[in-house]
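Lettered A, B and C in written order, each chain numbered from 1.
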Amino acid sequence: MKQSSDILLSLKNISKSYNCADSDLSVLNNFSLKIDRGEFVSILGPSGCGKSTLLKICSSMIQQESGTVKISGQIVNSPDKSRVLMLQDDNQLFPWLTVEKNIAFPTNSFDSIRRESDLPNLLEMAGLSNYSDYYPHQLSGGMKKRTALARALAGDPEILLMDEPFGSLDPKIKIKLQDFLLEIWGKYGMTVLFVTHDINEAIRLGQRIIIMSDSGDIVCDEKKSLSEKSTLYEDVFFKLYRKYYSLLTGIGHQ
Amino acid sequence: MRFLTILSISLIVFSSCSNNKSGDISVTIAEQYGLAYAPLQILKEKKIIEEQIPGIKVNWVKLGNTAAIREAVLGGKVDIGFMGIPPFLIGWDKGMDWKIFTGLSKAQIGLVTWREDLKTLNDFGPEDRIALPQPGSIQHILLSMAAEKYLGRSDIFDNQLVTMKHPDGMSALLSKRDVAAHFTSPPYIMMELSEPDMTLVVDGKEAMGSDFTFIAGMVTDKFSSKHSDSLSLIKSSIAQAGEFIMEHPEEAVAILKKDYSIPEEVLLSYLTGGGLVYSPEVEGLPKFINFMKDKGYLEKTPENIDEIFIEQDIK
Amino acid sequence: MKYLSNRILNKIFERFMWIGLLVLIWIIAVLLGDFSPLILPSPYKVLQALLKGFTEGILGKQILISIVLVFAGMSIGTLIALAFLFLAVSSRMGDSLVTTLTAVFHPLAGIALLPVVILWFGTGALSIIFIIIHSVVWPMVTNLLMGYRSIPEPYKIVGRNYQLSSFKMFFNITLPGSFPYILAGLKISWARAWRALISAEMIFGAVFGSGGVGWFIFSKRVFMDTPGMFAGIVVVIIIGVLIEDFVFGVIESRTVRRWGMSL
């Protein structure tokens, strides 16, 4: 058991519904969750289960109807730089800024902990040193994602809230980016909440895996019982995959 | 603008032009707005030209300003036009083949102001805007003559002119805003002077130093050389219509009233008040030529009056 | 960079080619058609008249006056359009007011307002600027609103994530994010303002003593100086093309084209 001082993010009794076609559609109902500092958590779930809503509430981009969001024990109500939300959308980079200026955006926006001097490191880490003067529309899909990740890191966030960030990429690039994400997580040690509907991705990335049901309840929440080096082709990995698959599809067919 | 004008006129006139082959004469006459054109109204209503010249087809067009008439003449769409002498001279100077063949009217035209402080031209400052139909118009040339006479500089007001049609100029004047004075002609000059506070600063006769023809008739050389008999008949028709107005003003008013939204008795007073004289005589031509040549509005002067004027006996 | 300047050079070349062709047709028409020079003067005569306008006349000053008037009108018009934008995005009633005003006034040609403008503002520079503002504000508001509404949600989320003040949000995200629409609005506004200005000048006469290019054309017309009139029209065309190709062309290639944000 972790001690309470290690809990970074804590959600308690969160409820949220959307008004849709004259009836309230409840997406989260009395939802509670605790995330430890430095954890990498994968969240799996069928579409419409409230994963994206959950991340938006975690980042305070939208307000829950009831319940509380706490960061290090403090209730938070408005977005701040310590909780960076990354969307699936390809448009999250500003097209009017170069790669370098996009990455520097958080540090220019307010007096950040990270200084300009960190920029070359971020660029290099993202493998974008030679592309610092390029505009986003000149980049490949993978480069765009790395730029977005580097920008997210520039503000030195405590927690990254990632909503299917690699959803639209082809599998090869996706794996490279996953490795890249794991690498910077190892380096910076920030907390990551990673929403995906790709079971492979969830298993490869997450230390802890949470599966949500259609109705937004947690049906599975466990530490990954695999060594870091496990690959897709090992039996243990495949067993886990099948377990999560049946949990997910079972949910889907209820 | 100009092409549109030509286009619209050509549309109006097209049908008549194609009638020519039968041997009948067709004439297109362009006029403008104002009481100085009243004899043309009589000609039109009483079909005097048609009576005088059997088989003639007369087309009337009314255009907004003299530049438009000149452009229509130039485009070959108009045979006879009515305007002040100065714009005619400018056209002739630039190479238009046309001549004056008749006078139409003499009129009191002048500069009207609403401002008490503007008693003479001397009182006008550079910010006091003067509305008139357009530079190069008879109103502008007479204003320049007055400026030359009283201030020694003919172009002194040229940078404070506002180009406005007479009705617009009148409403700008009567609204007593930034238009200080309006150089205008009948019936606007009479209407303006009948309003309170309006005074006449200078009039055309004073500027010119003599009587002058306000509106004259111009004919293209092409038409006059081909139809010289008809032209003199047209001229006598115009004289006849003018005489009719002068001698039977009540009957004339009955015909004219529908074209001017002026009460009958007021219209009658304008026609009989002495401010308007309809006459085929042409007066003041040399004075206009000399002044305009002198001030650079014309590059050349006619060596012989025949170059710009067709002398014809009224039949 | 090289690519961009090549683009502009290409554009210049093509422009010259087509304009050259038009002038050629003009010359052929003058040579073959038996036109009076009062109806169609030769390009040479027009060129002479143009030079005369600069050397003997005050065409240079008149061009300057026209450009200053357009610039003043466009600046004020754009500011008013921005104020309308704030009004429209700040409340639902504001939005319905602004969209109604736009629907009412946008189709109204500036020249149609002239009689009223003369009554209210007289016949000076103020009236001309008023007509320019009228022709600028409505297309500008329409484009600003479209631009504002087209800003992708993720941009705003990033801005909120870093707690930008509304001032920074406006200048760092709203403005560049809707820039393609702003630029389109400016281009439409410019074309409308320039046309309105020339027409208004031809009606109002001299403003600031000497008037602008429109007045130059009109005064050539009334004195039947046809080559001069053509010269004035040529000036209007040249200024139009210069602003369109160079001012807007350069802004476009340095912004929306470089950013890959062309509409």
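Assume contacts are C-beta pairs under 8 Å (C-beta built on N, C-alpha and C of every residue); 3 or more make two chains touch, one makes a residue touch a chain.
Since the model is a prediction, treat every value here as computed from it, not as a measurement.
Taking the mean of all protein Cα atoms as the centre, the chain whose own Cα mean lies nearest is C. The chain with its CA mean position farthest from that of chain C is A.
Mean C-alpha positions place chain A and chain C at a centre distance of 48 Å.
Between chain A and chain B, the centres computed from C-alpha atoms are 85 Å apart. In whole angstrom, the spacing between the mean C-alpha positions of chain B and chain C is 38.
Residues 59, 61, 78-81, 83-85, 87, 89, 91-92, 94-96, 105-106, 109-110, 135-138, 155 of chain A touch chain C in their complex.
Put simply, chain B touches chain C in their complex at residues 1-2, 66-67, 70, 74-75, 87, 90-91, 93-96, 126, 129, 131, 134-137, 158-164, 168, 171-172, 175, 177-179, 297. Those residues of chain C that touch chain A in the complex are listed here as 152-155, 157-158, 160-164, 168, 172-173, 176-177, 179, 255, 258-261. Residues 36-39, 115, 118-119, 122-124, 202-206, 209-210, 218-219, 221-226, 229 of chain C are the ones that touch chain B when the two sit in their complex.
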